[in-house]
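Notes follow the structure.
Each chain gets a letter, A, B and C, in the order it is written, and its residues are counted from 1.
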Amino acid sequence: MSQLLLDVNGLTMRFGGLVAVNKVNLKVKNRQIVSIIGPNGAGKTTVFNCLSGFYIPSEGSVMFNGKEVAGLKDFQISRQGLVRTFQHVRLFSKMTVIENMLVAQHRHLNTNLMAGLLKTSSYRRLEQEAMDRAAHWLEEVDLLEFANREAGNLAYGQQRRLEIARCMVTQPELLLLDEPAAGLNPNETKELDELIVRLRDEHEISVLLIEHDMGLVMGISDHIYVIAQGTPLADGTAEDIKNNPDVIKAYLGEE
Amino acid sequence: MTETLLYLIQQLINGLTIGSTYALIAIGYTMVYGIIGMINFAHGEIYMIGSYVTFIVIAGLVSMGMVSLPIILVVALIVAVVIASTYGWTVERVAYRPLRGSNRLIPLISAIGMSIFLQNYVVLAQGSRDVALPPQISGGWTFGDPAVFEVSFSYMQALIWIATFVTMVALTLFISRSRMGRACRACSEDLGMTNLLGIDTNRTIALTFIIGAALAAVAGLLLGLYYGVVNPFVGFIAGLKAFTAAVLGGIGSIPGAVLGGLILGVTEALTSAYFPSEYKDVVSFSLLVLILLFRPSGLLGKPEVEKV
Amino acid sequence: MQNNKFMSALFAAGITFVLACLMIGVKLDTESTTLAVRGATAEQWTWIGLGITLVFLSQLFSNQIDAFFGKLPKPKVGSLLPTGDKMTTLKPWLLAALIVGMVIWPFMVSRGAVDLATLTLIYIMLGLGLNIVVGLAGLLDLGFVAFYAVGAYTYALLSMYFGLSFWVCLPLAAAFAALFGFVLGFPVLRLRGDYLAIVTLGFGEIIRILLNNWTAVTGGPNGISGIAKPTLFGLEFTRRAKGEDAQTFHDFFGISYSSSYKVIFLYLIAVLLVIFVIYLINRLMRMPIGRAWEALREDEIACRSLGLNRTAIKLSAFTIGASTAGFAGSFFAARQGFISPESFIFIESAIILAIVVLGGMGSQVGVILAAIIMTILPELAREFSEYRMLMFGLLMVIMMRWRPEGLVPMKRPHLELKQ
């Protein structure tokens, strides 16, 4: 029995006179991989920015786990379990890999000043748990051996994986990935493909994906939304989308 | 008309006078911020230097036996503008240009250092005491009932209003019509792109500093004549006020800087009219905080959209 | 090319001439009622000439000079210390030796030297406090002196009106300064960095103006005098005990009175406070909050996406920094016995900032070193005291241009995953 995790209705974002996103509807169920595709400049990242609270949508509702999150601050939304990555990797590049993982768990730690100054037992226990969780996720994305390396010194593909691990360690229910395969070689893309499927099947979370790599999108998505010029164009399974004349027109232009 | 009303009119006149000079200084902050996104802390000192140069030129010409006031003022204006612009240009060249592209804090700290340096440089060169200049332009119009309250509008105040207005118009024309003005606007939209298009951005930035400094020098001349005193520390507080005005109007916006300057001037005049005048600074800083809280982009500024 | 170089050097020299002429070359002078201008003396003109020549030559040979300085090794103060494992075993011993040295030292030198050391320690405390805000959290606070003032006035007023002792007031002063930091920081920390700088600057001015004008409570420009000195478990360091059951230090121990006991006692309190602040910062840097500061400095947007509340995190740095200034302030009031708004002007904030910048933002060793340099040098070069602020300003510009990371660049303790 799959439940509705994310339910977006009539999402609209205007910048002055420009309508960047126009009445977009999205539904993501539990344990689903859903993709948003569309030509460059279609407003996909703007949708992400609205969902994750970086922008306050002009109109529309964003229900997450049955609660309205549109209008909440970015950090509040992320604490509800809706966490995102960025088109350009945003790591804390001068901090080590393990420190990146610990910053992400900030709110799970004992941040009481006195506890930290006196190193109380609860402080040490939570710090240890966070370390264990971090190590676990580094293992998952195959980065454990680099734990004490500066994040900025990792190879690009590793940085991408670290960014996903850093999100996962916050224990989200829905992960928004903004072009995770951009800049990866075919081999790395295949690994990423497997990782995303594993997140759904083993870790039982949902993934909402923006991606240009059609191979990746068609191969793993349970449902696909197509947006062009900020407006929803079509949605359905990979098969539906591949055969939809509107989509072909939007991508290839008029014949 | 009642006394209260006449008194209020007098305060408005005084407030708009001070406000227009704040506006002149504020334009320098706003233009520099618009282009390189940095608070030029040393801008207030440029204004102070403009005042000093004015005093020096006037005292020099008078001691040489020059009597024609218009000539004295025009010469003082030209020299003050030239010297202040040179200072403005040099500050940019020495303290800011080499730091372009580094972390935001770094040019800011350099600017604070420059401000401290210039202030103390003038202290060493000219002494830290007040220097007083006898009033050059006296007289004015009065109206209202002498028995109740007489409102005065001095020739000096009129000069400040006119000079500010003319400067604003000239600047607006320059920015909107000339090639250099267009380059300025392009730079404040997107510095990197403008550079790629083959416009010498360094030159444009230098020009912005020169224009800002020239306007500060005009303000220095006007306020110097208006108050009749100058000391090396006037730049600091005037700079703070002008910055407040720039933020109030919306930093990056020239009409905003003018509006902010006028509002701030009037607010201060009214505060010192009805409360102990020491509190006028408290009021203007509180105004700054309130504006930043409720409308961080200022009255006429564009709200900033964060790029994610 | 060579010709080009010559022209630009000539241009620079010309600019220098214009800049110097009307400021140093002529001086305004009030003669009875009229204003006159006086030309500079021959000696001043010589200096101007020298300056212009210097600018000309340095521009002409700038390539050669740059090459020369490029070849000079950068002084690496940090690398003088042993590294790695050797350091971890040596460190406790070194620290212990340092602390013992600092405790014994005052008994062997003059009163003046101890007094100067105490002043230095105050600046170290202030520098370390501001370093939390500027260096660790990356927030430019130009009104730091306001919190220093709050701390000083808290102790002075509580002691004057309620007779509270220094030791009671010390935490109260820190708490009060922290409260001020919180109330100011809460609204303004959402703003961009440079707005914060100007708002804190304005706040510093507001505090000073209020202290100056609220005469009924603060004594206005006259300040507050006769502030009680700290006691050692109730023992006073005066010649005669003031209170009814009070006892003096020298009576209790049966030794003869000496005014230097008081000076040394104050020095030791300052040492204690500094050690406390250093411990505090060292812990903070290793705690989640310290990591969050660092992360926020590196990428604010990523932090927000991970559920970090940036306002709360910045506020904690701002508040903790303010409370250390409160500490320093109440100690300052106790040491001086007299405070007035004059001690809390913007220049003080600028000096503290200069200490942080010179030392290296985020670096504790650097800040301590810079505080020592900045307080001792002016004492040694008293005849140049009028040039002090000029030099501070110049130093800030030069440091930002050539060594923005400071004398001792920051080294952050990295957390390691043990496998």
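Operating definition for what follows: a residue touches a chain if its C-beta (ideal position, glycine included) is under 8 Å from a C-beta of that chain, and two chains touch if they have at least 3 such contacts.
Nothing here was measured: the structure is a model prediction, and the numbers come from that model.
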| item | value |
| --- | --- |
| Busiest interface, counted in C-beta pairs | B-C |
| Chain ID, smallest distance between chain and overall C-alpha centroids | C |
| Most distant chain from chain A by Cα centroid | B |
| Between chain A and chain B, centroid-to-centroid distance (C-alpha), Å | 48 |
| Centre-to-centre distance between chain C and chain A (centres being mean Cα positions), rounded to whole Å | 44 |
| Centroid distance [mean C-alpha coordinates] between chain C and chain B, Å | 31 |
| Touching two or more other chains - residue numbers and ranges from chain B | 306, 308 |
| Where chain A touches two or more other chains at once, by residue number | 54, 86 |
| Where chain C touches two or more other chains, by residue | 301 |
| Chain B contact footprint on chain C (complex, rising order) | 15, 18-19, 22-24, 26-28, 30, 33-37, 134, 138, 140, 142, 187-188, 190-191, 193-195, 197-199, 201-203, 205-206, 209-210, 212-213, 301, 346-347, 350, 353-354, 357, 361, 386-387, 389-390, 392-397, 400-401, 404 |
| Chain C partner contacts - residues on chain B that touch it in the complex | 38-39, 49, 52-53, 55-56, 58-60, 62-63, 79, 82-83, 86-87, 89-90, 94-95, 98-99, 102-110, 112-127, 131-134, 236, 240, 243-244, 247, 276, 278-279, 281-282, 285-286, 288-289, 292-293, 296, 306, 308 |
| Chain A partner contacts - residues on chain C that touch it in the complex | 280, 283-284, 287-289, 291-292, 294-295, 298-299, 301-310, 316, 320, 414-417, 419 |
| Of all residues in chain A, those that touch chain C in their complex | 52, 54, 73-75, 78-79, 83-86, 90-96, 98-100, 102-104, 106-107, 109-111, 113, 116-117, 127, 131, 134-135, 144, 147-148, 166-167, 170 |
